[in-house]
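Two complexes, one shared chain (subunit A), two partners (subunit B, subunit C).
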Partner chain A sequence: MNTLLTALVDWSRLQFALTAMCHWIFVPLTLGLGVMIAIMETIYVRTGNDFWKRTVKFWMRIFGVNFAFGVATGLILEFQFGTNWSNYSWFVGDIFGAPLAIEGILAFFMEATFIAVMFFGWNKVSKKFHLLSTWLVALSVNLSALWILVANAWMQYPAGMYFNPDTARNEMIDFWAVIFSPVAINKFTHTVLSGFTLAAVFVVGVSAWFLLKKREVAFAMKSTKLAAIFGLVSAILLAITGDGSAVQVAQKQPMKLAAMEGLYEGGNGVKISAIGILKPGKQPLDGKDAMLFDISIPKGLSFLAYGDLNAYVAGIDDIIKGDYHYIDRKGEKKQGIPMTERMERGRLAIDALKSYQDAKERSNAAAMQEAKVILEENFDHFGYGYLKNPKEAVPPVPLTFYTFHIMILLGGFFIILLLLSWWWSRGGSLEKRRWFLHLSLWSIALAYIASQCGWIVAEVGRQPWTIQDLLPVSAAVSGVKAGTVQTTFFIFLTMFIVLLIAEVGIMLRQIKKGPESSQ
Partner chain B sequence: MDISILQHYWWALVSLLGALLVFLLFVQGGQTLLFFTAKTEQQKNAIINLLGHKWGLTFTTLVTFGGAIFASFPLYYSTSFGGAYWLWITVLLLFVIQAVSYEFRDKAGNLLGQTTYDTFLFLNGLLGTVMLGVAVGTFFTGGAFIVNKMALTQLNAPVISQWTNGWHGLDALGHPFNILMGAGVYLAASTLALLFVIKWADNSELKAKAKKQVAIVGPIFTLGFVALLAYLFCLTGFKADPTTGILTAVPHKYLHNMIELLWPAVILLMGVVLVLLGLSSQVFCKGKYSFWLTSAGVVLAVFPILLCAAFNNTAYFASTVDMQSSLTLQNSSSSYFTLKVMAYVSLLIPFVLAYIAYVWHVLTNRPEKEGGY
Partner chain C sequence: MIKLLKRVYYFYLEGFKSMTIGKTLWLVIAIKLSIMFFILKPLFFKNELSKFQTPQEKSKHVIEQITQKTEL
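After this line comes the complex of A and B, so read on.
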């Protein structure tokens, strides 16, 4: 039974991860490119220079191809919450569903309506109305991101809710706490800025290709200059919000922070790894060293997480033993307890829920009240009741560690790349630096790698939870057979590979055509 | 405000979205014309140009329909999507292939060639509408599921909603009502698509052919719809006791709902009259307003049918294996607070409809300016 459940959970996770990663190939580019296109069209409307109209139309073609695939994979994600995570859909649907519906009403319709004007309205509407439509598309793609990221942030930090034993689910009690939770604000700004940075690197890279080919030099230089400024500002803000995210993780998800740093044994004044290799086979509580090799910054992690060089940072082993602090979902600082005790208290909460319902069926008000008190006292540990071993609460450390460090290093690299792109495009010497143009071109791939790594850190790093501390993946899954999900996984995989090849093929052809064919 | 009012308000909004979705499926109906009506590349392009800036609206309405159900009735989302797995995955795949086809079909380097993408559009138009209709049919015929919220306390198998057979939703295809519903949705989409082409296509041969076809498809749709209504009124539904929530079977439940509530029956009748007026104005007169009359008729006809699936204490997703597991507005909705918050957000819907209508008007009716700006 357990093996079957594990297989089902694994295939369901794999299918969701496949769809989410595929979705995130297309979405970040549209987030940033939409804004840059709107800026370019604003310049066109203000100057009346046809050069900018051709430039806008060229980037719009790239935007359109990406947008279509993003829409397709977005629908799959929405359906999969129900098809593959049906328990989750009930357990948190009262909270999670609301942002999703608001996203549809406020953002998707705006997007679908004005993108039609953006593409088909050139000869039908006035300059100003077309420009307004382009800005509304840029706004709405980012608004779409807002609502789904609010929902995701809530899964990492479930604020503004309470558990209703009558309905056996979590219910929203404070809408503003959900949308303005510090985790939601950080997640939205960090994710959107990552999209802006990726799009800027994409535009700089594509422009570098034109410069290498000595084609469309004026177009490439102006596109580079605009994208470099836009990207540089975004990348610097990205680093700042990344720091904010790390602080939030340290407070609310200390296990994720420990996994991000491969930190098993914590302490005061903890170093941060700049580059490192983990020892294969390292297990929690085995007392062995975690790192095979690393170059680190002394006291860096303590400072990053708490703004204090000597602050205490808990490692994985410390958290399992209960030697840590955290901020709970009501915003209160709590002393951690040993994992085995959390598991016991989780089972107490689950048993209390059962007792509550039994008492309700017997109409025994006193027994209901007694069970409710036990449930409320132990609800913060509810999800731990489903775990069989404390080590199940530890996320996959190597994947979290490496993706985190790749993301950080590439984030720093993009700041330098965009700074140099701006500086040399400003001075007009960019086209002579062919090594740098080659580097810019290849950096497009690096931007996608960094972007995917960010989501892997966020999602793999919070395992085993769908809802932090309340619902592990094993209790969130639908009641279908593993073989069924395996079949649909391969259907989706085949479809995504075929359509991805088609998409890249179309994009390359469109780029090769250049802006001159955009008129 | 009572939670029951909010539950009914949200079911009404879901029903309205469903009715608007059936209207907007004229895009899907139009895609089947690529094979059934258009004979030349020029005619195919005329259809694609007409639908190219409309498909996003249909797609978004489908997404919002799903999102609104998730937000307002999460137990339905959990039970139907998680249980009728293959049915929803099929619907999903049939719509995903549409989303990329408009953008990819005529682009160089698209790997599969234009014919494949046009076939995707055709499959979405034909099977997508039929399967969506079959899925909507389960609002009246139910499914083989059991709901046990206390399964959450079983540590080894905490699944709340279980489908009791291995078909996982494909069993819906075995119920004649669902098939009739699927066929009805497709016929509605085709009829509206033909009227749309007649009104706006920039190709006289295509228009002439569409006029001939609508004279055949329109009456079939009307007869099919009447048969669907007759079947619906013969179905047995489950009635929930408003106090205890206990369900009992009631023969002709949906007919009772129409009669007892009356106002949905009036709306339904208005819808049928408008459809007949729209179709006959096309067949017997110039039919300048046929598309809009028939579209309004379809929305007005579908809306009360969906309303009656759940109003008047009716189980809108009946369990065929355990009557008391059936889903009603009361036992499957979100909390009072969530429904209230979303009700405030829904006040923006008229504003959304207004800008959609304006952009529709601009892109569809306004002539192209020479050279643009």
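After this line comes the complex of A and C, so read on.
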């Protein structure tokens, strides 16, 4: 890539990453807190105990603050699709448009209607209708996430579509293959459960603050107990779906799996690093050791990826050489081919698209047909045609490796934290364990770090692709000026910092007021 | 029907009137949306393909873009 294009791609990616990460600060709490509020209100309706109404109102206020700051920040991502990523937007065609449109309609009608009943409807609608509205808000925020994640999963595993050479757009030919792609199912469950776990840690952490201040003890203990059970179940399911995600990545994005583990040379019965430090300066195919230090579980990666202790797992070098298997976008198991060959076939596909257009302008049907056949035969390698060097197909390994391991370690930590929170809140000894209350409070920040790490693994790990194997970032980017993208990047940075400071400030004020003010 | 619409209208009106923290939150939403739609979108985020009138022109432009990028 030339320098100007590199700068444009880098600034466009940085801007998108900033916006997506800021959006993801607001979203996960809403996903989980909505469900916990609905559970609390169910207890209130069943018992008639006003304590639970007060508790619901407190957490609802926190939900409202987060919802207000988070609402519509995702729209900025859509602005960026049109401006910075116009080739990509056109190329994905209606596949991205359909889920996003459903999300928009759902979010608008369900959330806007029932969130009003949830906040304004106390004493105006029946208890049961209010409860139904609260559950529908919880459901709709999670359903909104479903459609976005379906679209994202398609980028990781583009299934159920046909590339139309006349329009240069992908057309959906199988809606269900897009919605029920195994990558989409895993991505949805894993992401939503991560939101549930984060929200549970948030509730446990805020409750710990009340216990440390010796305020609202009954409220804090009951909130902790409920959040700990909810979070513990979510965190265990999160680990299970994480395993499912790893299986999908192993099959469909073997390069991402190799980057997640810093695995350059694969083999049978491959270990998994529990903790490790990568050797700086390590390059693909240089034959040097990848790890400076690691504590690993023997045969762990083979088992994690394929459920077989002795299964073959390909490393980065093996994938470059073509020594691997993968599941293609039609669901068929394929033998990998050397990266240089994929690059050649990709160039054939791109040239065929160009030839098809030239033939179309000359109204030469025979030449069009000939070009179309070549394009279809090589379309699975289309994106590789843009690469100049096989190493360009390797994602940034250190960032992917470290964020993956931080996410896994924190996931394990949350299971222990929530288990102990539940156990000690059940026995009533939680408020005496001040070290643990401090730990719980600080764990709120860790939950956000883990959540962001998850997204970095998913998105950085699939580089250089916007659409796996079909469109790299260099081809997806628009022909705009890097300087313009740079300017908007700093505008966003300022806007998000102001938003975050305002949100945290308002949220802290509301927390300090406590549930008493919810009467 | 009109009675129902009136009830919905007063439901929202009373809800908004009785808000405390909600008023601040609505202000935040209003400012944020204004910045997004009245400053960012028209000044910085024009759709790159909107300068083309027809889908055919858009296709042609994108095909040119993605087939030429191999030469960079």
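What we mean here is this: the second predicted complex is superposed on the first by the 514 of 519 C-alpha atoms of A that agree within 3 Å, B and C clash if a C-alpha of one lies under 4 Å from a C-alpha of the other, contacts with A are read in each partner's own complex, and residues count from 1 in each chain.
One rule holds for everything that comes next: contacts are C-beta pairs under 8 Å (C-beta built on N, C-alpha and C of every residue); 3 or more make two chains touch, one makes a residue touch a chain.
A quick note: this is a predicted structure, and the numbers were derived from the prediction, not measured.
After superposition onto subunit A, partners subunit B and subunit C are found to clash with each other. Looking at the shared chain after the overlay, A:A311 reaches neither subunit B nor subunit C. Shared-chain residue A:I95: touches subunit B; no touch with subunit C. Of the two partners subunit B and subunit C, more subunit A residues are in touch with B.
After overlaying the two complexes on the shared chain, residue contacts for A:A112 are found with subunit B alone; subunit C is out of touch. After overlaying the two complexes on the shared chain, residue contacts for A:G104 are found with subunit B alone; subunit C is out of touch.
Stretch 147-155 of subunit B is the one among 21-29, 57-65, 147-155 or 219-227 that clashes with subunit C after the shared chain A is superposed. With the contact threshold set out at the top, residues 1-2, 5, 64-65, 68-69, 71-73, 75-76, 79, 82-83, 86-87, 89-91, 116, 119-121, 124, 167-169, 347, 350-351, 353-354, 357, 385-386, 475, 478-480, 484, 488, 491, 495, 499, 502, 506, 510 of subunit A are in contact with subunit B in one structure and with subunit C in the other.
Of all residues in subunit A, those touching subunit B in their complex are 1-2, 5, 64-65, 67-69, 71-76, 78-79, 81-87, 89-91, 93-98, 100-106, 108-117, 119-127, 130, 164, 167-169, 171-173, 175, 347, 350-351, 353-354, 357, 385-386, 475, 477-481, 484, 488, 491, 495, 498-499, 501-503, 505-506, 508-510. Within the complex, the subunit A residues that touch subunit C are 1-2, 5, 61, 64-65, 68-69, 71-73, 75-76, 79-80, 82-83, 86-87, 89-91, 116, 119-121, 124, 166-169, 347, 350-351, 353-354, 357, 385-386, 471, 474-475, 478-480, 484, 487-488, 491, 495, 499, 502, 506, 510.
Remark: subunit B residues 52-54, 56-57, 59-60, 62-64, 66-68, 70-72, 74-75, 77-83, 85-86, 88-89, 92-93, 95-96, 99-100, 102-104, 107-112, 149-150, 152-153, 155-163, 166, 168, 334-335, 337-338, 341-342, 345-346, 348-349, 352, 355-356, 359, 362-363, 366-373 touch subunit A in the complex.
By the touch rule above, subunit C contacts subunit A in their complex via residues 11-12, 14-16, 18, 21-22, 24-26, 28-29, 32-33, 35-36, 40-41, 44-50, 55, 58-60, 62-63, 65-67, 69-70, 72.
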